[in-house]
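Before anything else, here is the set of structures, which you'll find just below.
Both complexes below contain chain A, partnered by chain B and then by chain C.
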Partner chain A sequence: MGKYFIRRLLGLIPLFIAVVVISFFLMQFAPGGPEQAMKESKKLTNAQIERWLNAWCLEGEDSIVATAKEFGGWAGILNCNNDGWNAFFSEQGGLNFLPRTLGGGDNGILHGDFGRSIANGREVLGIITERLPATLLLAGAALFVWVSLALVIGVIAAVRQYGKFDQASTFLAYIFYSLPTFWLGLMLIFFFAVYLHWLPTSGMVNAREWPPFGTPDFGVAVGKDPLGAIKEIGTHMVLPLITLVAVNIAGDSRFVRASMLDVLNQDYVRTAKAKGAAPRRVYGRHALRNALLPVVTNVGLELPFLVAGAIVTETIFVWPGMGSLFIQSLRESDYFVLMAVIMITSAMILFANLIADLVYGIVDPRIRY
Partner chain B sequence: MDPIQATHVEGITQTGGVVEAGGPTTDFEVSLESLNQRQLAWRRFKRNRLALIGSSIFLFMVAVAILGPVLLPYDRLDITAVKKPGGNPPSLESIKTIFGTDNLGRSVLVLTVNGARLSMLIGVMTTIIAVSIGVTIGGIAGFFGGWADGVLMRLVDLVLAVPFLFIVLVAARFFGGGDPIIIILIFGLLAWPGLARLVRAMFLSLREQDFVLAARAVGVSNSRIIFKHMLPNAIGPIVVSASLLVAGTIVLEAFVSFLNFGVRATDVSWGNALSNSQGTLVQGNWWWAFFPGMAIALTVIAINFMGDGMRDALDPYSRGR
Partner chain C sequence: MHKRLFGLLASAALVMSACGTAAPSASAPGSAAPPASAPASVEPPPSAVTGFTDDLLFTPAAYNPETGTPGGSIVVSDWQTYSILNPYYTSSFKNSQVMAATFAPNWDISPDGKWIPELVTTVPKLSDGGVVMDASGAGFTINLEYKPGLLWSDGEPLTLEDMKWTWEFIMNEEQVGLVSGTVGWDLIDTFEVTDGGLKAAVHFKEGYAGYYGLLGTGPLPKHYMETFSPAEAADKSYPVGTPELANAPTSGPFKYGASSADTVELLRNDNYKAGSHVAYLDKLIFKFYTDAKDAMIAAFLAKEVDVATDLLQGDYASIQGVDPAWGQALIGPAWEYEHLDLNQANDAFKDAKVREAVARGIDKDALWDIVYPGVPKTEPACAPTPPGLYWRAEGLVCAEYDVEAAKALLTEAGWTDSNGDGTVDKGGTELELQHCSTPAPFRVSGGDVIASQLKEIGIKVTPTYDAILFEAWSGTTPETQCNIYRGTYDTAEFAYVLTLDIFGDYYYSYHSSQVPTEENGGEGGNTMRLNDPTMDTALDELYKTVDPAKIFDIAQDLQQIYAESNFEVPLYYRSSVRGLSNRVGNFVKNPSTASDMWNTEDWFVKE
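For the complex of A and B:
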């Protein structure tokens, strides 16, 4: 198991490098490019611009060598204060890509330097650490609701196959599976927020009463009134949550049902019934445990859709997470924020897939690594 | 049970009768039909009620896409006076007001009807591109295996490494320029990896089957084996996922255009028909977002029903029922 984990982890490295390279080239080929965007930014001081132009080896040339150097500087492999082959070494004399404590440099994304936002001049990493918790909260809640509801609906539908519940859930699954996520969100906003006034239209907290989520001020406010904060975020989260999980629940409840039916037709389930085991025991212990296997794989495969869903949902509901940050920086051509969001999210998905694989190994005792 | 189905197998027709010496006479009446695979599939498809409903909705939408712009052409300057902030609610005064108007006074019906053409065109064209690339790459990888497989599948991994929606949105924003053709290219060039994986997996298993071995033993060329022997056996799942891709692309285009990164404002698609409609929701205008979105949802439901029907119909092992 440990060996397998390490092998898979090493297998992620080329993919992660691919992500970094793709992000870099998206930035390179975008109109204007990072150099011009930085120079045109009104929010960055000249000293800051100088620092990043130098740290990222941006010289304004378009040759292959210059582009490769830019990539090296941006990634943190090269130190452009040195010339020629010495650029591979940091001021401390060690290889530049190593962490600073091991004699490496301090530029580039390898050292956590994602640059500054062109739109507001703040450090990219600071913006992201402010935004990430909101997304993790929404995605975590979504994952929980999604998996548990899909399981419950799917299992009941399978146990009472062709019953009323089964038919109703099949029909609803068809409908919800086909609804465009963003449109579902708009309709929910209109019905529950504008028409019924039950829930807030957007945001994560009421901006008049609470400081923005993720800021230190918010932490202080939560300390004063933790229950109020839970209620505030909870009511704001209902609609985004429904929007985010509707499609997944629709798809996966069908999947759970099929997987459960498969198992229910197996001989050992019949044996369990024949020997007089209580239905709860048959379905819970014998059937569900085995039906879970394909479900776990499927959920693992669908994690990227959670990200796509988060982009859509956060944009519609102005949820202050990574998804809305992505769309916002895309609108403002804020390259550095954009690339950081893409890279960090992609890395998280790659890692989440690895975890899903490992969980699969734990759930299925037949798997040998 | 059905009437006896005789399957046509290379000139031998199974009959229910007994052939006697002195001429073919039967000792009991049987209705005989010789159906090829396509006819069998069509027969199975026809029996699926949901698939038929889906097909009729889909055909209706296609008709709207073709006739809509002719019967109710979109004109940017054709606006009615807005009596209520957010737009006039639906009313039965005239044909153009039955879906209400947007905040500028444009008829939502005209927007919805005209959006059909571009949305469906983008869905279908994208799918054609993605299927061509996906089948080619997946087919080569699955048929030849070895290093070709390794290289091509790493390419697939590479395209899948960054979440699809990120790349699509970035590309549409920076390179799309509102041009539908470029949007189609962006979608098509990024949407193929799923299909490639599917086709590869099917080719890997088909390659080992006896009929392929037989064909190879007789000396049939690779291209003939691929196109005549293997592809027809893989066509079912390919058609099904292609139909789902059409539906998925229609929704994707709608979202991209909804964000104003997609088709330019002078063209109408379902997505940009309802872009900017979120702002008027709080003014009570639900119809602007509702009707174009409903058109998308109906089309997608219809395609999903059809896809399900085709999945069952094109599976040669699902007989009767």
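For the complex of A and C:
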């Protein structure tokens, strides 16, 4: 298993690079570009713009070669202060992509330099660090709730096929599966927050009672009342969580149900029942475990949609995560932030799929790597 | 070049709906009337103005705030997120609102549109020696006097040395990012500070009409700003969403506390000396909804925020549903008007009869009823000056809706429907117009209404709705369609936001030297390419005029030229909408650039 993990991890690297390269090129060939966004920034002098453009190999040309150079500068492979083949070498004389301590350069993402936000001049890494916890919290909780509820609902529906629970869950599944995420979110806000006042409309904390999330003052407040903080954030997470997972639960509960029904009709399940095994043992140990394999596959395939859904959900609920940062950066043509968000999101999805692959081995002992 | 840059920036600020303006602002009167038991109120302005007097510009209506109860916090919301908190680097409304509570200007704007002193003891005037013309008549001097004992929030003295330093900072060649460039500042040749920083004589080497707007903004803290180079000040001073913001000194009733990307807490500034007392509130919290206006409105209806700002009349219906026990929806005039630009580069619009035909072909009442059903109607737009501005010319006669008269005008101008297809033509060319605007719902429905109305008089209009309308010159090419700076449109609908600075309001939008061109790098606010000698003459005279009475008179002429020429068709005056909870005491609407935050030191929590 360990060797498989390392082998798969290494295999993810070229896949990750391919995703990043394709995203970079697509963005560069879209109208506009970082050089144009920089030139429009009133915060930069012409000298600063010139320096930035040179440092990132941004020459403004629309050609494959120019774009490849821009990628090289952004990635840290090329030293844009040098021309021709010398661009592959740092000021110290070593290959630029190497760490500085080994004679390499200090520009680009390979050296931890994600650039600066064109919109506000702040370091991109700092902005991402602020926003990532909120997204991890929401997406992590969503994944847990989604998988748990889908399994529970699907198993019960299969075990009690055609019963009241099965029919009700089928009916609701079709409804929720048909609902657009943004509409569901807005309706939940209207009903539970505006009309009933049971839950908050948006954000992570009540601005009247808590300092802004992520600030040192918030940290102090959490230290004083950790349970209160959990309750506060948890309450604010309910509606975005429902919005994010409703569609997935609806779809996957049907999938679990179908997979369970397929397994429940197998001979070994019938044998287990005939042997007098308790229903919990039959369904839990014999049936569910075998039914999980296609479910794990499905969850792995749907993870990107969880991320995409987070963009919409975070925007509707003003959740200060990576999704809303993506939308904001798109609007402001903040290219360096956009690329950083795409990179990190891609890495999260690829890693999650790797975990899904490993779960196969846990679920089905026959699968060995 | 700096003038053209200012023109571009000023006009960019002017055209954006629900955004801030180019004018600086100040805050509440330092010598407010003694608190009374009656709720805060401002008496309405006189209904007709016949000539300039100092009272028109310098005597505000009585302001009688209640005595507040110290303590508590109020949450103010905006659906656009703040980004810059240095008043010389931004004029956006979303930023100006926050700074109205943290930066005390030299003079502010009252709700009824008068200059009122804040840091200064009195607003300098020509009539009292505060503004003195040179004996040669070439230039003039403004005499400033600060109130004694002013402090920054960190306890450092706030004097006119800071204001002088601010002028030098602006004029520094390394400076970058100034929202208005150095326009006007470059006319100051001496800035003499005396009396331990309490007095200053600021000399302009030539006449300049925009001096009140220029000097009104107020000083930056020298001791703080000196820690950055001018080139990096735009990024490093008052850094939004960082812990360092809390260390940045302020001069207003509040100072900065914790801030994140979408929230900033303002704490009471105990060193605020410009007003009669420190703020009553412990905290004023700004919550931003990252372009999610619906989320902000929902938050107000759900009682999560006390004041919902930056809304227009189209939002009134959404916010009216608030529980009356919790709050109310306020609607009031804004210093903005929606209008139709007629691109003067289009040959058809060079004919005054065609322009008048277009003006007469638009039924403004019907337009309002369709675009804003159920919303209280504002008076029909005629003057390019919304109600509330002191120089507004009453009694102007504008082209009224009259389909038959419009048709007759087109016929007189040689446009007839020779082929019977419903569209008039002349010399084989049909009168087809490309109408451009933004995709905001009220502009889409408005544009469709205008298209159908002009079709009735024989003008074919093809609407396009795209946010490219306001894209900066550098972000477009000569082939970009529907961009006001490139002039690639025939008619365009957008709004102008006005300030108390007549010069800034009109010069950069209507003077022929301010047309954006390739030669000037697209820096200019005259997007409709107006080149009218009469208008130019009036604006040239305005530029150099210092006497407010003469400025007022020129403004009357400008408005008359405007009404007669039909270069633009004013459609309606806009209203601004707020949601206000009943918790907030002493809230008084202010339609100017001072914003509703003009008197936050008087706000208190009503229990």
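Keep in mind that, in the parts below, the second predicted complex is superposed on the first by the 335 of 369 C-alpha atoms of A that agree within 3 Å, B and C clash if a C-alpha of one lies under 4 Å from a C-alpha of the other, contacts with A are read in each partner's own complex, and residues count from 1 in each chain.
Throughout what follows, a residue touches a chain if its C-beta (ideal position, glycine included) is under 8 Å from a C-beta of that chain, and two chains touch if they have at least 3 such contacts.
In this text the structure is predicted, and so the values were computed from the model without any measurement.
Undergrad: Quick one: on chain A, after the overlay, do chain B and chain C clash, or do they fit? Just give me the call.
TA: With chain A aligned, chain B runs into chain C, so clash.
Undergrad: Using the touch definition from the top, say if A:D225 reaches chain B (first), chain C (second), both or neither.
TA: In the superposed model, A:D225 contacts neither chain B nor chain C.
Undergrad: State whether A:E91 touches chain B only (first), chain C only (second), both chains, or neither.
TA: Once the two structures are laid over each other on A, A:E91 reaches no partner at all.
Undergrad: For A:I175, is the partner it touches chain B (first), chain C (second), both, or none of the two (neither)?
TA: first
Undergrad: Looking at A:D217, would you say it contacts chain B, chain C, both, or neither? Reply first, second, both or neither.
TA: second
Undergrad: Answer with first, second, both or neither: which of chain B and chain C does A:I189 touch in the superposed model?
TA: The answer is both, since A:I189 touches chain B and chain C.
Undergrad: Report for A:F326: first if it touches chain B alone, second if chain C alone, otherwise both or neither.
TA: The first partner, chain B, only.
Undergrad: Could you tell me if A:E50 is touching chain B, chain C, both of them or neither one (first, second, both, neither)?
TA: neither
Undergrad: With both complexes overlaid on chain A, does A:A207 touch chain B (first), chain C (second), both or neither?
TA: It touches chain C, and chain B stays clear.
Undergrad: Is there a shared patch on chain A that both chain B and chain C touch, and which residues make it up?
TA: 186, 189-190, 194, 201, 315-316, 327, 331
Undergrad: Under the definition above, what is the set of chain C residues touching chain A in their complex?
TA: Spelled out, the residues of chain C in touch with chain A are 9, 73, 75, 81, 83-84, 89, 174, 176-179, 231, 234-236, 239-243, 257-265, 285, 287, 289-292, 294-295, 298-299, 301-305, 472, 474-475.
Undergrad: Chain C touches which residues of chain A in the complex?
TA: It comes out as residues 32, 36, 39-40, 42-45, 48, 119-122, 130-131, 186, 189-190, 193-194, 197, 200-203, 206-208, 211-218, 315-318, 320, 324, 327-328, 331.
Undergrad: What residues of chain A sit close enough to touch chain B in their complex?
TA: Going through chain A, the ones touching chain B are 15-16, 18-19, 22-23, 26, 29-31, 174-175, 177-183, 186-187, 189-191, 194-195, 201, 304, 307-308, 311-312, 315-316, 326-327, 330-331, 333, 338, 342, 345-346, 349-350.
Undergrad: Over in the complex, which chain B residues touch chain A? Could you list them?
TA: 157-158, 161-167, 169-171, 173-175, 247, 251, 254-255, 258-259, 261, 274, 277-278, 281-282, 284, 286, 289-290, 293, 296-297, 300-301, 304-305
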